[in-house]
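So that you can tell them apart, the chains are marked A, B, C and D in the order they are listed, and the count of residues begins at 1 in each.
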Amino acid sequence: MLTTNPFEDDKLREECGVFGVSGADGAAALVALGLHALQHRGQEAAGITSYDGTHFHTHRAMGHVAGNFDRDDVIRALPGNVACGHVRYSTTGETALRNVQPLYAELASGGFAVAHNGNISNALHLRRELVQRGSIFQSTSDTETIIHLVATSGYRDLLDRFIDALKQIEGAYSLICMTPQGMIACRDPLGIRPLVMGRLGDSYIFASETVALDVVGAEFVRAVDPGELVIVKDGELRSLRPFSAIAPRPCIFEWVYFSRPDSIAEDRSVYSVRKAIGAELANESAVDADLVVPVPDSGVPAAIGYAQQSGIPFELGIIRSHYVGRTFIQPSAEVRRLGVKLKHNANRDLIAGKRIILVDDSIVRGTTSLKIVEMMREAGAAEVHMRIASPPTTHSCFYGVDTPERSKLLAAKLNVQGMADFIKADSLAFISIDGLYRALGEAERRDVLPKYCDACFTGDYPTALTDHNEQALTQLALLDEPA
Amino acid sequence: MLTTNPFEDDKLREECGVFGVSGADGAAALVALGLHALQHRGQEAAGITSYDGTHFHTHRAMGHVAGNFDRDDVIRALPGNVACGHVRYSTTGETALRNVQPLYAELASGGFAVAHNGNISNALHLRRELVQRGSIFQSTSDTETIIHLVATSGYRDLLDRFIDALKQIEGAYSLICMTPQGMIACRDPLGIRPLVMGRLGDSYIFASETVALDVVGAEFVRAVDPGELVIVKDGELRSLRPFSAIAPRPCIFEWVYFSRPDSIAEDRSVYSVRKAIGAELANESAVDADLVVPVPDSGVPAAIGYAQQSGIPFELGIIRSHYVGRTFIQPSAEVRRLGVKLKHNANRDLIAGKRIILVDDSIVRGTTSLKIVEMMREAGAAEVHMRIASPPTTHSCFYGVDTPERSKLLAAKLNVQGMADFIKADSLAFISIDGLYRALGEAERRDVLPKYCDACFTGDYPTALTDHNEQALTQLALLDEPA
Amino acid sequence: MLTTNPFEDDKLREECGVFGVSGADGAAALVALGLHALQHRGQEAAGITSYDGTHFHTHRAMGHVAGNFDRDDVIRALPGNVACGHVRYSTTGETALRNVQPLYAELASGGFAVAHNGNISNALHLRRELVQRGSIFQSTSDTETIIHLVATSGYRDLLDRFIDALKQIEGAYSLICMTPQGMIACRDPLGIRPLVMGRLGDSYIFASETVALDVVGAEFVRAVDPGELVIVKDGELRSLRPFSAIAPRPCIFEWVYFSRPDSIAEDRSVYSVRKAIGAELANESAVDADLVVPVPDSGVPAAIGYAQQSGIPFELGIIRSHYVGRTFIQPSAEVRRLGVKLKHNANRDLIAGKRIILVDDSIVRGTTSLKIVEMMREAGAAEVHMRIASPPTTHSCFYGVDTPERSKLLAAKLNVQGMADFIKADSLAFISIDGLYRALGEAERRDVLPKYCDACFTGDYPTALTDHNEQALTQLALLDEPA
Amino acid sequence: MLTTNPFEDDKLREECGVFGVSGADGAAALVALGLHALQHRGQEAAGITSYDGTHFHTHRAMGHVAGNFDRDDVIRALPGNVACGHVRYSTTGETALRNVQPLYAELASGGFAVAHNGNISNALHLRRELVQRGSIFQSTSDTETIIHLVATSGYRDLLDRFIDALKQIEGAYSLICMTPQGMIACRDPLGIRPLVMGRLGDSYIFASETVALDVVGAEFVRAVDPGELVIVKDGELRSLRPFSAIAPRPCIFEWVYFSRPDSIAEDRSVYSVRKAIGAELANESAVDADLVVPVPDSGVPAAIGYAQQSGIPFELGIIRSHYVGRTFIQPSAEVRRLGVKLKHNANRDLIAGKRIILVDDSIVRGTTSLKIVEMMREAGAAEVHMRIASPPTTHSCFYGVDTPERSKLLAAKLNVQGMADFIKADSLAFISIDGLYRALGEAERRDVLPKYCDACFTGDYPTALTDHNEQALTQLALLDEPA
């Protein structure tokens, strides 16, 4: 089958978005709206759990929020003034539905629901130990490990059991949990994945991005701090910091691609950071040309920044269809070749005879960059220069982002000139890692204690990678990842 | 239910797109790709009919092309090297499916399929006469009238019967018909609705817009001329012009909104016409401001034109969600108010404290312009100036465009200042009708024989409106339409 | 795929059941109940049309009445105090749905709906003439011919047009029509297919069988006479007899198999006729045995009659599953062989070592009779004697019953001893044609003017067979049917 | 909503049927056939798990076996030569699907699947203990308790862990388990629920009833003994008897109603036991009448036995529709009253003026017996005498049969004359408990060590009822059950 979104295929994919509400009538309706605003963080499944003070109610579905959670009957079946939800990538089938979050279990302390953005990098290791002791897992999700650690903890109080569980896990996690003892929102000690807090009337809201607060009309309060637990119960908010303090490392790719441009991440407007990256890129890698053309839609802010800095006009040289489907028929090799045009088409009249600068956010495998460059040439472009608003992606992510294995990453195999040849561009440039930090207001990247997790560009992973390393020991073939 | 696309609700809606292929293996697959590229012309139903030399095969479905026609089994059930298809607006249910085109009938001359873009303005009149003589209609579509006229014509030869039918109908029609005697593409004498012709290898392609030729890799040949019949049979192409020649009047709204910006309509790039409209608007209605902000996505090209002409920076002040659903839950008045943000959200950090010029393509009822202006103010805009890339829409369309009745059109009730007050903008300006013609390369609109159908702006309808007038005679309440 | 109802496969299949109500609130609900009672006459599709005095409303669906017409929303969408419905055999897909009755058309005289049990034996001939004159058919159903004849009739009054149409058609038809001029129920001049009339309060009911009157609590009034038109309008009933009188010939197979045993057909209890056939069979073809075993369920009444007459005990030697599906997996030849047991299973403990008389209603192809005999032998039966409650089926039906072509009928190829050998029975006997007439209260079958249509047993067709004969002239290969 | 099976509503409902195959290619296909034959034991959900030597595969669905497991794609997705399946009653929705068996878990010893017929009467007690120790339950099924007991057992070997689990549970269980260590079939020490063993070529089959062996062509070997574990691995069969021997108490209701008449339960033909019950009833409660009429279908064998013993003719006075749906519309009180006729209809012509003896298998609430008696009177019966082929049902079942709570049982509230008055019969008689034992070949019921579990008739429960009693202590309102 021919995909109608061939360019999207060459993106890193965020694994999840989470949203929680405590203390609002019809909480599940607010969660549905919030998840809709976070849909770009996970498009293949969604779920909402509500708590009415006595019972927990859950609805989970494959597919988008709209179409599954925009129906009155679904929302009415999720009563209560506390609710949380989750959007994620996943595969199809019954097994997959069991992996759709929020996960839920009946513990001795009562119901326990959890929605998780991130990835626990020692989940398999812990799972093996738990199964050996008699725990039965319902899913293949790393998140379920947390629930079993809580269930079997030696502590008596639920919050103690929960902290006991967190201290055993490593990796990236922004969690929203629901229990009869209150809603718990927390973030791993490094704050790798985002989580913000808002207020709507008397209720508290937690969300992966501020745009979800906007959509429900909530006021942004602050980010949940790295290593912080926030507990809300009956309108009262408590904050705990059970971990020893270390310097945070939020994921830098949120500004490059994951977050929506209208979100504010760690106090910085995503849109203006992207424009600043474009301006840095214009300074670092200037080229004489007639038009600046964004690869829609993620390349648009950086292209505007590049155009404003360089004085070269910004023009829509590629038009994107709004009606994308998953896949499309491919009756012949000839038709298959046409697939790329289902989603993007050259604005032929504008491009013909012009020297153009294409601006895109990143290159992963490089296959679709090649197709876009070819599309520009077919439309008559005189020169095609590609500018990329992130450094070369050379390493896999183990913190909840779906990356190809390292051997598939173009930048892990070729230098910049080799990549330019591969995508057939007249020139290719990436922003430097220091340029990227400058766009975020830093002077440069300090190699000791850098301010962000930038492991996908640098290989500098901020946590242990237990499962990955254990796997590497047994499967030498997988040793292409960080030593 | 709260719609997630409240802004789209204030657009005129094109009723149809058509696409036909004669002489290509796997013709139905090409039609599916072509219809996908025309999806913006009709999003609620689609159909394809193929002809394998012996039998006709039809598949019709409510919903988008992707999701219905991207499956191998569907396409394999549409064999043959001749096929045509249709996308349309429509309502739900069994009755509606009967109205989804292509329509098909078994005539004495064999099978007859037709896909129609436009509207026959004396269809009800003709239908009453045909029923009186014993014809039984399967649908409520005006298009079926054509088939019955062919079926009951006194002529012997199919082509003569078809021309006999065309001579009885009035209004707008771009038709693609399939018969054992060949594929017939034709356009009404005024050429109100578009239809272009392309070549792909040895096959001929007909489509509503050139973008559909691009998607299948076909070469654009020329537009089908107003009043022309093109017949393709076994690779041979014939052209007939059975009507006496009159000056054409193609629909000017194709450049304003209907066509995709990457299409070439009547030899003019839609994108560059829209930019030219924006530039004219900057000249006609300049205002001192900090940012030019498009209402996405249809306002973008005119906003770029406005920004380039005025020197005021182009910025994305409104971010559009790509994950729109049909409707959404509305548990409370408060949540209902949030609906507008599901699709568009202010880029708050950018807007705050700025004087902004919003550029949109048109105002129909004005309700959503009001919401956008309010959204800008909530985000802290200092001033909000609205500029519209078309003249005021004062009259209904009877040629295949879904317009509200005249009493619902804001511009039919209020002058420009009244409209500015209604939408709460600091200023409001529309491009002049002459400015619009200038953007299309004319010196001005000549009131005698204007070059385009611009009845929605001027009330100058180029054909008789038999059904409308007969209805008006019996229903005086409907007399608010053209004088 | 392996069918779970292999025995049913060797039955003649009634094509339709009809049910109409005039003058009862919630008429559609009564029709749904009535059709449910007639489900055995057609299990693959059903439809109901209602008339609320202004509009006609139709819902049609593939599948059973239960599951499609037992939902409140469906019934509420069929308002009015006049309604009629239809159950039928048919194939799947969109095309098929167009053939599901009631058929409906907008004529110059207003709406016209028709539900038809029977078959018009010159429908193709008439259809060709109508298409030549410009009529466009929506379906491939013979019933639609009637509507086009009404639509194009030269008469002015609707009833005259309807009678004009009837006079042109030949074959078998029990019709229920709905028009703004009233409900019309009629039966062909020979009365081949059944139609009865009942009363429920002030309303009139028409149905294929009396059992449908029982289910809605209506009182049986009388059969509609052969050649009679009954018109009900506003509670008034009129009867017309536009045909010259001829001796009726109702289908004798209604008593053999089609009708439910609890129906009264032409004043004779179906159950008691079947018992009488069994008793005649015991007299005509006695055999010494231990048990009388019915082939469930249609063989049960005749088996009871046989057992009572012969004094041999009636026993359930074959148990039928109530959970039959359409088809079943057949992963291997071995499993395929088991298929027959999914529906019927030998009562092994009872059968072992016994001489048994199997009683079934008819043999069509003989394949399943063979399987049942084999099943009895596998269960240890000492002797297996087969007795059939109808004469040998030697000819096809052209009056609305789905029969295999003549060359597939076992009795058209073999004599009784040959058939006994084929099904591997120790003995085989059919009731004689005179015996069958005796069970119906006649002395014998009179070859001149027999009282029933028994063409499937005798080849004595009571009407012309225009389509069949025209087809035979052009397709000599089809000449295996009656000269 | 009006049910179309109002009579079935007054039956006790068997909770489950199980079927397993070890050592046959395409095992899942055989399981599908076997479950189809057991469909009467549970009609609302079904599931199959297969094991291919490496992985376990499960498909579960709401609804019948046919329609869910008769599709090639479903069966192909269940590879392996070991498989087991389950049919059950249950409610709708996602939660319910989690309860559909076979249940499956990944234990430290590998996969573990279980299909269970019966009910564990201390499941809640054990569940509370397990949750306290950190076990997380996926379902609300009592069966899951067994899995957690195995998972957390202190023994090392899987079989020891399994026996350890069995020794902690009380109640009724026939289990088929699948593990990498082999298939385990076992039956509780009292053998309350049935389980038989068969052979098909080299493979072993386990099933709830012999009829399922018949359907797959397997040879009946013997019943699994009460308290026996049978382990099959690689074609080798082992038998363990870990419990101390006690006198078995198989459920007597299997012969009264649950089992199919063509099954052999504990060496006795169900059909001939039912006929014997009918004969005993004719002796115990003779009455002068014209006809013996069974309430179809479960009353038929006893009615035949009654008719043969009494010499009064057996006749089909009630005709049952084969096309039953779940529910039906009820637009008015009048139509609602008709509901009962959707499934059963009086054979009016036969009944009118006759004295009839109705034979049914049991009376639970009595509501539908009343409707049947009324139906007979409406059809003109002169006298209606009801004879019941079981003793009065006075107590609830706690061993896997869905019974109403005791206060809803007619026989718990009224004596026989009161019940006769309630159902408006001219006379009513039940078989005596000794008569029932005589029909099973015993001289009488011995109150010390009776041969069967007959608690529903006698209140003599053969096991402790821990959950029921604990519930009773906390909820005094529930104290209407056994003293």
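Rule of thumb we're sticking to: a contact is a pair of C-beta atoms (placed from the backbone, for glycine too) under 8 Å apart; a residue touches a chain by one contact, two chains touch by 3 or more.
For each chain, UniProt lists the protein as follows: A, B, C, D = Amidophosphoribosyltransferase.
Since this is a predicted model, take the numbers as computed values, not measurements.
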item	value
Shortest path length from subunit B to subunit D (each step joins two touching chains)	2
Approximate Å spacing (C-alpha centroids) for the pair subunit A, subunit B	37
Geometric centre distance via CA averages, subunit C-subunit A, whole Å	63
Where subunit B and subunit C are represented by their mean Cα positions, the distance between them in whole Å	52
Multi-chain contact residues (two or more partners), subunit C	none
Interchain contacts, given as pairs of chains that touch	A-B, A-D, B-C, C-D
Subunit D partner contacts - residues on subunit A that touch it in the complex	58-60, 94, 105-108, 131-138, 147-148, 151-153
In the complex, subunit A residues that touch subunit B	1, 4, 25-26, 29-30, 32-33, 36-37, 39-40, 43, 64-67, 69-72, 75, 211, 214-217, 260-262, 264, 269, 271-272, 297, 300-301, 304, 308, 313-316, 319, 321-329, 331-332, 334-335, 337-338, 341-342, 345-350
